[in-house]
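Next up, some structures in structure tokens.
Shared between the two complexes below is chain A, which pairs with chain B and chain C, respectively.
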Partner chain A sequence: MRTARAVLVGIGVIGLGLLLAGVRVNPYMYFAGYVVLQYVIIASAWNILGGYAGYVNFGTPAFFALGAYTAIFLMEALGAPLPVMILAGGLVAGLLGLGIGYLTLRLKGVFFSIATFALSVVVQTLIINWDFVGGAKGYTVIRPPAPFFGSWGVLLFVVMVTLAVVTVLVARSVERSWIGRGLAALRDNEEAAECMGVPTLRLKLFATTLSGFFLGVAGAPFPYYVTYVEPASAFDLNYAVNALAMPMIGGTTTWVGPVIGAVLLGTAQQVATVTISSELNLLIVGVVLVLFVVLAPEGIVGLARRLRSR
Partner chain B sequence: MFSWDLLANAIVAGILLGGFYAAVSLGVSLTFGLLDVVNIAHPAFVILGAYVAYVMNSSFGLDPILTGVLFTPLFYVVGAGVYRVYYASFERRGEESLRGLVFFFGLLFIIEVALSLKYGVDYRLVEAVYIGKSIDLGGVGIAFRLLVPCLVGLAMTLALYLFLSRTFYGRAVMGVSQDQMALRLMGANPIRIKTIAFGIGIAAASLSGALLITISPVVPSTDRDYIGRVFAITVLGGLGSIGGTLVASIILGVAESLMATLFGPSWSLAVSFGILLLALAVRPAGLFGR
Partner chain C sequence: MSRPMNSALLEIDAVTKRFGGFLALDRVSIQVRAGERLGLIGPNGSGKTTLINCVSGALPTDGGRILFEGRDITALPAHQRTRLGIVRSFQIPKPFTSMTVMENLGIPLEYAAHARARGATDALEILRAIGLDTKAGLRPTGLTQIEMRKLELARAMAARPKLLISDEAMAGLSSAEVDDILAILFRLNESGITIIMIEHIMRAVMRFSQRVVVLDAGTRIAEGTPEEIVRNPAVEKAYLGE
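What follows is the complex of A and B.
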């Protein structure tokens, strides 16, 4: 029953997005909205592994860029349409996720995190040396005319609204199901969970794959959005920091946390980029992240809960 | 076309580079290997040290390595302060591993962005009499800009080794890494010992930053390349083993140098991360692990 209501709310949000697309506000709004929604997807996807299962992934850029570069590859090789690119980008990144899932067999905690960071650099080196998708020079996307709404800015905004709603709904249903409870158990104590009969490996593989899939999905429309992709921008460290900062600020144990964090931090960054400078807004992210980790480890959701219980 | 000269040059350059890598990794060996503090911000302190050397060199003409040595006390204090914050926020609450990791990641990001705000993203370099000179040993050129950092790195390795094995505080650091409770029972304060060790780790980072800018120009984002390198070296060498760190550094230096010579420099970065992934997956205890 509650799931049905959540789906209805999701459909409502998509409807709102369509309405916004019809109203035609300042084009910059769609542009900025895309970025915030992209971060909603990234933060929610990251949280499936990092928040629910407690495996901190520093390799977000690898998954995001793999989504983007799969899209570029399909564009260059087949001229594939956007939905195919998004699905394929997600699948390829999900496959990488499955790979790091097997890494968790040997690597726990800190070592896992360092390995994912290493993975990100290895993937970046491979892409830099792969000329078919532009190599270090980058790749310029030539977009066909937008099939709907008359402009790619608006169309991509609607696409992002839909993807964000789907990601959040999936993250929510994972959290509420036995899978979410199993992941929470292995987050608290993996050995104890295993002893109690929780299929930890299968759950971890599920979490890494699903998390990777949606990180790839977030990256797949990126080439169409920026129209010029180079490894440095697709593998930007900002994605790694934001992917972890947003859930940490919102609260990692529920699906609401990453959404709150992404909307707050994402919007703040957009405002700061326009009004102050883009370098300074990164500094803000770093400072806010450190402050939250030190002072409010449970995030905004945890703060709210503490206030309510008083 | 294959040339023995090229190969010999690459290997010699790799060994020299290895001595420098040891200097960069010593601090992580100490903090991560012995204290179990995942100081992923270590490379950011290296870059901070490099920028201090750059500023002193460009405005006062001070020798970069001399600057590095002069500023170690300041960085020691900074490091001790960082550890105190880390201890109060995470270790005491018993939630150090993952949140602590995020804390240091945030710190790395803050230092990097602050540096690029102040100095921009242009490459910065230093000037010193030995930069640009080299000696020729039967076809193998030894550049002084590599030789000097290598020698300093070896001296740092030796100093840290002697500190850990011969001095009271050094032995106490080894003690902390083995059994904190026992150390407490012996009347020593593990937190104080760890603060000292962490300060030394950060001081070593700043000095190796001065070596870094002697070898090649630096931008604020250079720290990212070194995250993989230092952790690859510490893991490969075996956590907390100073000798292992040196051996692993030279292995990595030679491997990178060969890769750069044979396949081009754009591949050399993948070597360290490849080694790291391999070491983590196959033998997490490292070559000289306990």
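What follows is the complex of A and C.
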């Protein structure tokens, strides 16, 4: 019943997105909205592994960029349409996720995080040296005319609304299922979880793969959005920092946390970019993150819970 | 290959475990009958916990076999052994800290006992039997030391064990608290659960066990009733030296 209601709400959100696309506000709003929604996907996807299972992935740029570069490869090689690019981007990044899943056999805690960060550097180096997708000099995307809404800005906004809704619904259903409860157990104590019958390896592989899939999905439309992709922008450290900061600020143990964190922080960054300076983004993230880690370690969701139970 | 059917629930057959050049277990063999209360003792570093880790699947063995209900489980991962009915509690309690006491029991009920539907009533029943029902809604961080030990046992119970391995469930408890835990373990055994108790508190382990196995430096040096073990010169030597 509650799942049905959540799906209805999701459809409602997509409807709202379509409505926004129809009313035609300032085109910049669609661009800014795209970025915020992209972070909703990234934060929710990251949280499946980082929040539910407690494995902090610092290699978000690798997954995001793999989604983007899979899209570029398909564009260049086959002229594939956008939905194919998104699906393929997710699958390739999901495969990388499965790979880091096996890392968890040997690496835990901070060592896992360092390994994922190193992975990001390795993938970036490979892409820089692969001329077919532009190599170090980057790749310029020539978009066909937009099939709907008459503008790619508006169309991509609607695409992102849809992808964000799907990601959040999946993250929600994972959290509330037996898988989510098993992940929470292994986050609290992996050895005890295994001894209580939780198939920890299988659950971790599931989490890394699903998390990687949606991080790739977030990156796949990126080439169409920016029309010029180079390794430095696709592998931007911002993705690693934001993917971690947004769920931390919202609260990592539930699906709502990353959504709240991404909307708040993402919007604040967009506003700051326009009104103050484009370099102020990371400063905002840093300050807010420090404040939250000190004052509300369980994020906004945890803070709200504490206030309510008082 | 036809082995005569015996009533051994657990058969540890010449199990060997090495850590680098250190031989932690040297061809240890122990048989545990269904319904038995077995005490496993030995000085610090004698290999008790290592043996338990090999039986529960937390550590791979370097030789020998482990049979449970006649089935070779040497290569099974830990969570599958739990599902078969081998459940252990930890020396240092390892509760799931983000969950309530009740939810802690939900994990084994769902994953090991496959009783999610009856989860809440089953969990409450176990908590009541162990005297923890008033704490059902609390987080484990708010529990006292003895309550933490009881949670450890309650969670093990929720996995519906056939064989419960209690790893120093009483270390650091007061004498009254030790009696409290002992009473719980006796009741569990009466309900048909086979129990291996690892313990340093001799008063408890001698009172509880029908049979005691002594490990020293990775080998089995003695086996017998508590009375025989107390009188055994080899055991005395292992504990006190010459």
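Everything below uses one rule, namely that the second predicted complex is superposed on the first by the 310 of 310 C-alpha atoms of A that agree within 3 Å, B and C clash if a C-alpha of one lies under 4 Å from a C-alpha of the other, contacts with A are read in each partner's own complex, and residues count from 1 in each chain.
By definition in this document, a residue touches a chain if its C-beta (ideal position, glycine included) is under 8 Å from a C-beta of that chain, and two chains touch if they have at least 3 such contacts.
Quick caveat: nothing in here was measured; it's all calculated off a predicted structure.
Applying the stated contact rule after C-alpha superposition, one finds that A:D188 touches chain C and leaves chain B untouched. Of the two partner chains placed around the shared chain by superposition, chain B is the only one that A:L283 touches, whereas chain C remains out of contact. Judged by the touch definition given at the top, the superposed model places A:W178 against chain C, while chain B stays out of reach. Set against each other, chain B and chain C touch different numbers of residues in chain A, with B touching more. In the superposition on chain A, A:G197 makes contact with chain C only, while chain B stays out of contact range. Judged by the document's definition of touching, no chain A residue lies at the interface with chain B and also at the interface with chain C.
Considering their complex, residues 54, 56, 58, 103, 106-107, 109-111, 113-115, 117-119, 121-122, 125-126, 128-129, 136, 237, 240-241, 244-245, 248, 279-280, 282-283, 285-287, 289-290, 293-294, 297 of chain A touch chain B. Looking at the complex, you find that chain C touches chain A at residues 56-58, 77-80, 82-83, 87-88, 90, 94-99, 106-108, 110-113, 116, 155, 158-159. Chain B meets chain A in the complex at residues 38, 40, 85, 89, 95, 97-99, 101-103, 105-107, 109-110, 113-114, 116-117, 221, 224-225, 227-228, 231-232, 235, 266-267, 269-270, 273-274, 276-277, 280-281, 284.
Residues of chain A that touch chain C in their complex: 178, 181-182, 184-185, 187-189, 191-201, 253.
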